[in-house]
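These notes are about the structure you will find just below.
In this document, chain identifiers A, B, C, D, E and F correspond to the written order of the chains, with residue numbering beginning at 1 in each.
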Amino acid sequence: MTSAQVFLALIAALFLAPLAVGVLTGVDRRITARMQSRLGPPILQPFYDIGKLLGKEPMLANHWLAFCSFLYLAGAVTSVVLFFLQADLLLIFFVQAVGSVFLVIGALTVPSPYSQIGAHRELLQIIAYEPLLILVIVGIFLATGSFKIEAVYAMEQPLLFKLPLLFLVLGIALTIKLRKSPFDISASHHAHQEIVRGVYTEYSGPYLAIVEIAHWFEIVLILCLLSLFWSTGVVGLVLLLGITYFVEILVDNTTSRMTWRWMLGTAWITGITFSLINLLWLYYG
Amino acid sequence: MNMLSKFLQTSRIKSPWVLHFDCGSCNGCDIETLAVLTPVYDVERFGIINVGNPKHADVFLVTGTVNHRNKKVLKNLYDQMPQPRAVIAIGACGLSGGVFRDAPNVVGGVDKVIPVDVYVPGCPPKPEAIIDGVVKALELFAAKS
Amino acid sequence: MFKITPMTKNILKNLITKKSTRPYPFVIREPFEESRGELYNDIDNCIFCSTCARKCPSQCITVDKEKGIWTCDPFVCVFCGTCMEACPTHCLHHKRTWRPVSGQREMIEMQGTPPKSKKKAAAKKEEASG
Amino acid sequence: MPDTLLFILVVVPFIAALGLYALRIESLRMVLVLATAVLLTGSSLALFSHETVAFSTTLLGVNPQPLIVLLDFVVLFIILAVGLSAKHRLIIYLAGAQIVLLAIFKLVSPAEATGQAMFLVDPLAKLMVFVVSVVGSVIILHALPYMKNHEEHLHLTTSRQPQFFAVMVLFLGAMNGLVLTNDLGNFYFFFEVTTLCSFLLIRHDLTDEAKANSLRALWINSLGGLALLIGLLWISLDLGTVNIQQILAQTPEAAFLLLPIGLLCFAGLTKAAQLPFQSWLLGAMVAPTPTSALLHSATMVKAGVYLFLRFSPAYSGTFFSTTVAFVGGFTFLAAAALAISQSNGKKILAYSTVSNLGLIIACAGIGTPAAIAAGMFLIMFHAVSKALIFLCVGTIEQRIASRDIEDMRGLYAIMPVTAIITVLGALTMILPPFGMLLGKWMAIEASAHNILLVIILALGSAITVLYWARWAGLLMSYPFKGRIYPESQPALTRLPLLGLIGGALLLSFYAPAIYNSLIYPAISALPLAMVDTVPATSWGILVLDRGSFPVIPLFLVAALGLFAAIYFYKLAGKVKPTGPYLSGAQTPDDASAYAGPLRQSIIPSSSNYYLEKIFGEVAINRWVNTAAIVLILLMLGGGL
Amino acid sequence: MAKTIIPFGPQHPVLPEPIHLSLTVEDEIVTQAVPALGYVHRGLEKLCDIRDYHHMIQVVERVCGICSKIHAMCYCHGLEEMMQVEVPPRAKYLRTIWSELHRVHSHLLWLGLFADGFGFEALFYQLWKIRERVMDINEATTGNRVIVSVNVMGGVRKDLSLEQIRWILSELELVESELKALESTILDDYTVKERTVGKGMLTKEQAYDLGAAGPTLRGSGIAQDCRQLNYAAFSDLEFEPVVEYDGDSYARSKVRYRETLQSIDLVRQALHKLPDGEINVKVKGNPEGEGVARVEQPRGELFYYFKGNGTKHLERLRIRTPTFANIPPLAAMLPGIELADVPVVVLSIDPCISCTER
Amino acid sequence: MAEAKTTEKKIPVLATQAVENDNLKAEIRRLKSEGYRLVTLTCVDLDEEHVDLLYSFDKDLEMVHLRMQQPKSTPAPSISDILFGAFLVENEIQDQFGICFDGLVLNFENYLYLEEEVARTPFCKYSVIRKDAQ
């Protein structure tokens, strides 16, 4: 990479990507509303929410929340930057895990039962999706022979053809990461659930804004991972992302929230079976 | 800088998250408050989300008569809401105790415990009236800063 | 035994059909004929008989026959319509729209002409003549 | 010069041990321990200056072989005596068998005749010596104030510290000998000494539980010893040598030797407490915490994995190697899962140790250069971080009188410094850019072609995050307005903690440099069958042919993030405090309690999820142990 | 091992009403649940000392805002029996129609909240969308959406015109078809069943012994419905109590779903049979003596006790609402379930705390 | 508006069966074994000294009422050990009338609904100062 390219990649990673995801969340909320026969909020609503939160009076139940929210953001941002710099996929994955871990630790620092339960559920989510993400990355390695992103771009054929089942596995991880039904168990968009807002319960005002922004970066990362599956053409890539996201919204609106026991079982069993089949097929096929 | 503060200003009016607390209401007002969130009225149009957590809320919707037990809860929730915040009392009960104001365990309206910014009369008020109440509270936000 | 996501049809149908949201503050729906909104006294016809005050279950009406003042606390009124039905002169009405929201406490006070009580009228007459 | 260093590293501790046992004066003991620690640390570091592989036939001109033979029998007879006095049949049989076999071996052994190099200082040995001597010394120093407190708590009339420190120091010497020796016969001797030390230290407190657990440790380790001895005898009969370098030089051709090597590995499994032998290590947690830190996580158990790494060239590229990878990988996953169900801090550490050693063994089994490098990294970083956390738990335990992690909730309020060190230590176990994660990353990348193994590693890695993150979180869980008490500790308690955490961070930072100077020469020299490019470094970035890990750049970014976070943490101190969200029910005078039913004021409490039904010992022990036995049988079968 | 103790309520987003449960959980399995009440208690029964028995109609309507009409009907019905007032048949039919409309809207509301309880937002919104039609019928015919205030002693205050009847029938047609479109989601969806089947088990014996009422009782296999007492116009209408036998949350939701359709049918029958005539009679005198009245609310059997002393103020008014009867069964259902199922199980009795505490 | 047919009024009375403190539990057990379901308890303030406690039962939509006159100063026997469902209403009566119940399985001790601020029994005509249940 030349330094100009690096500069561009940084700009894209730090500013464009989160802005795009902000708009995407806005569109998501709009489509969700339409599916529920409602009008829905303005497309820019996610930005208003963040802006509003930033302007609120800071209030904390424990200082470490502030500390951890920043490290959550740092982890998420770094992982996205690394992706745009085309670093090692497995490394990127581990770096994003830093963010998630700090989100959880922050929530654990408050002796509040809802926050604590949310944190534990978040941890259970982490153990549900992390192995799946690693396996997707391993799948990409087996298909391209390298963990580096540039190897994916060197492919002539979209990865999707080689890793169709792993794409579904990534879909499971995506649903968990997007906090969508049936996996919205540790913190849902709104709070009509038994643990209020779970891990987010104690983050408030500007700190919640930071957490939300960090979450945007996490979404960026996972969408980037998705985009690797169609690296050969922009049209196909946009279509793939669009369809996948639409299906996510559809699933969100047609299922109940499940329990973590169900999630752990389902994610592991289906995720690992699918991965295994796909990986074996790659290896021997 | 100016643009930024302007954006924050707009955001404040565009994203009022509400906390609804049933402070001893007969449910009439509650179901109308909930109805406001549902497709026919859909207040998410204004960016309103029911957050159910005082720490995330900007607008506090209170329904019902205050009694000796729930007045403490009311105060607690209000105290956990960060500034800027607004309180909307809904229904005759929330305003004054309504038809129950002489009942033995009734303290009175919400404003006996916490300051109320907007009063929405009715028993129960129509969902449209509740929307009016929130809009009025937003005017307060606009004026406050 | 069970179906997987039977909601899909409904959801997709919603996506392409008209949304059911009423754009309230921008378009205001015509209220129903019967709607019981804000209470309103046609004060000129009021005879200050206090029937409404007696019949009101919230006890929110006070009638001062002497001064001819009819007061109602709109924050206590439960819009039940009892007073309206009881009023002998039919001077009480519910508007079809609800009472607007407000930022502070307020009373509805209406000043009418008090009916002259016979005693007082007689006294006045005496005064006049005397 | 290397001769002197070897003498200091191996023999001096034996002498110091005698001294410590004889001297019963506290101040003298302190001096002696300090002196030994300094000597050991110094010479282990000095060893690094000898870049070339150094050999030595004698120690300071003396041939210690006869002495070793004598001591070997002494150790075995002591074990036999223990077995007899405890009427423990198994131990008696195992010790008896070993005595007979050892006698046979000494009679037919060709080793002395050849007069081969007795000691070998290669990078792997240097690394191990570093771990043993430096980390071990720090732990022993920390033990000084610890044991004093410990005996005060127990109200002992006569101090048993002389024995304790004698055995601890003796053990250091044995460990150094074990990793430095180039003679499998001597290896066996040192192996048995560590077994005995472990036994003595586990039963140190002389409670019934301690005695029972020490016997368990003894028989399991003796089983390993027996396997080792059989393998040794077999090899010596077959090859006519017990010189490790010669064995390694011959094995690629002599493929039939895999079974005896399998027996050696079996011994390694028992020593490293791999499934299904984990029970002795868990039982060992009854010992005073410095013991646990020294023997049962930082060093002794590493003898087991050292064996695997040492012999990895011998089996690299064979089916046996693959099964080794699975045995290790399976332990990595299963022990991590078992750790979830534990709330006893030391047991979590024990399972975590078992789990991480499993990962190292898996690395040895994968057998590519990158994997071996990962294994070496893991040995070093694991020793430092794990020793640190053990010492932290020990320190905490003496303050709060509990080792249950639930009781450590909100520890920050009473032991802020220790709490932060512990959290940092936990984070160095799971997060980049720290060394453990670097090792794990290399391991996964190296194993990516083995689909089943990589699935196991992926699951294990996620589960590891779970039990560390929740522990780290709960240490900091305290109310905002809660008072934070300053913490005071003796220097000998505080300094080792600071030293270890500093060491963990520095070593992680210098990982590329360490790789270049120590590990790269080691693995590029290894005669591995798995031909694969050897990882390289540039600009602080570790480069594999399939991926790269920018250690130093990540450190810089992390430092940046940390500074920002600390800045905001400071700012947050001025923020309006509020109680936790309690559904609006908090009591007027205490925002962290709520008014519950029956007018009680209840402080809501939280507990971790231990998922006993899913990952509990009762629930899965049977299954994982059976699976592990099957895997080990497969492994030994793979040796055929 | 340390326990996790959670204050669940009084303010909690899944609970529409303030009730408190101190939950003790272990790995999210509830081991103990102690309720605390009193956040809605007003003491309104005592208002009969200062409000006369006509005023009290408005007061009892506000015991609960969801089935308000049925409270007023029960109150009037009981006092009319005591005072031996014969209510004109058309008034009886009109009372029936509005009370069944209340049941429809209450059940739709509940189904929605229940769906929200297990996180099925889209279903929640659809059901409430349908419910708005019923609310419109209420407002158009009585003047208010929720608290309709149409009952008076001796009859009702509002009449239905022919045109209104036709409109109501056509609206109900829509409500029915829209609801049926959701049937497979409410009853057959995998994720819905996964969250409700087997949750909050209440056996037939438990339900009976603990005094459960309404759909909670009928969901456990006991066919008891107070409408069989034939108050108002129910003697002329055809219906069978809806019973399910599994005794879990799913059975209870099935009962309510089927009752919604049944109530729509009852409204239709009543509208078709609506007799002509007066809609109320004047009531003179004051209540004296003792009496009880029972009607079926959406949540079950409602019980009123009256004691009059010949003045316009009642001596004692006692209201026992169905939720009050369903709290002990709820307490029996909670231990052993998952935390995530607490909202589902609590909602499955359709709790109405306002009613419970009055 | 038609006039109600007020055919010669007779004061309605509720058919009840009188019980005493001593035989209350036995009666309750009998009703339970006969398959009656508890509907509720009703407490009616009679005079300064006494209240009426009405126990209402139901079987196939037929109601049976027991009536027990209870002095305010002595505790009434609780039936919540026989019928758990009664605990809530007995607690309610404790709150509102200050009657104590002996052997209540879950005793909210006069604070089911009310807070400390409420010093007098709200539902008695001749209100008494609320006592702490022992």
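Just so it is clear, a contact is a pair of C-beta atoms (placed from the backbone, for glycine too) under 8 Å apart; a residue touches a chain by one contact, two chains touch by 3 or more.
Source: prediction; values computed, not measured.
Visitor: Which is the least count of steps on a path of touching chains running from chain A to chain D?
Guide: Each step joins two touching chains, and the minimum needed here is 1.
Visitor: From the C-alpha centres, identify the chain that is farthest from chain B.
Guide: Centre of mass proxy via C-alpha means gives D as farthest from chain B.
Visitor: Taking CA centroids for every chain, report which one is farthest away from chain A.
Guide: F
Visitor: Could you name the chain whose CA centroid falls nearest to the centroid of all protein CA atoms?
Guide: Of the chains present, the most centrally placed is A.
Visitor: Between chain D and chain F, what's the gap in Å when you average each chain's C-alpha atoms?
Guide: The computed centroid separation for chain D versus chain F comes out at 70 Å.
Visitor: What's the distance between the Cα centroids of chain A and chain F, rounded to whole Å?
Guide: 59
Visitor: So what's the Cα centroid distance for chain B and chain F, whole Å?
Guide: 39
Visitor: If I count partner chains per residue in chain D, which residues reach a count of at least 2?
Guide: 409, 576, 578-579, 581-582, 584-585, 597-598, 604-606, 609 - these are the residues of chain D that touch more than one other chain.
Visitor: What positions in chain E touch 2 or more of the other chains?
Guide: Residue numbers touching two or more other chains: 4-8, 10-14, 28, 34, 38, 41, 43, 46, 51, 58-59, 62, 120, 122, 125-126, 129, 132, 147, 189, 191.
Visitor: Which parts of chain B, given as residue numbers and ranges, touch two or more other chains?
Guide: Within chain B, residues 21, 39-40, 42, 45, 50-55, 69, 73, 77, 80, 82, 98-99, 102, 104-105, 123, 126 contact more than one other chain.
Visitor: Taking chains as nodes and touches as edges, what kind of graph is this: line, ring, star, complete or other?
Guide: other
Visitor: If you go through all the chains, which pairs of them touch?
Guide: Listed in label order, the chain pairs in contact are A-B, A-C, A-D, A-E, B-C, B-D, B-E, B-F, C-E, D-E, D-F, E-F.
Visitor: Which residues of chain B touch chain A in their complex?
Guide: 7-12, 14-17, 39, 42, 44-47, 49-53, 55-56, 58, 80, 82-84
Visitor: Could you list, by residue number, the parts of chain E that touch chain F in their complex?
Guide: Contact set of chain E toward chain F: 34, 37-38, 41, 43, 45-46, 49, 81-86, 88, 154, 208-211, 224, 226, 228-229, 278, 280-285, 288-292, 294, 301, 303, 305, 307, 315-316, 318, 320, 324-325, 327-329, 332, 357.
Visitor: Chain A touches which residues of chain D in the complex?
Guide: Within the complex, chain D contacts chain A at residues 409-410, 423, 427, 430-432, 437, 441, 444-445, 448-449, 451-452, 454-455, 457-459, 461-463, 465-466, 469-470, 472-474, 476-480, 545-550, 554, 557-558, 560-562, 564-566, 568-569, 571-573, 575-582, 592, 604-606, 608-609.
Visitor: Enumerate the contact residues on chain B facing chain C in the complex.
Guide: 39-42, 45, 92, 95-99, 101-102, 109, 111, 117-123, 125-129, 131-133, 135-136, 140
Visitor: In the complex formed with chain E, which residues of chain C make contact?
Guide: 2-7, 9-11, 20, 32-36, 55-59, 78-82, 85, 94
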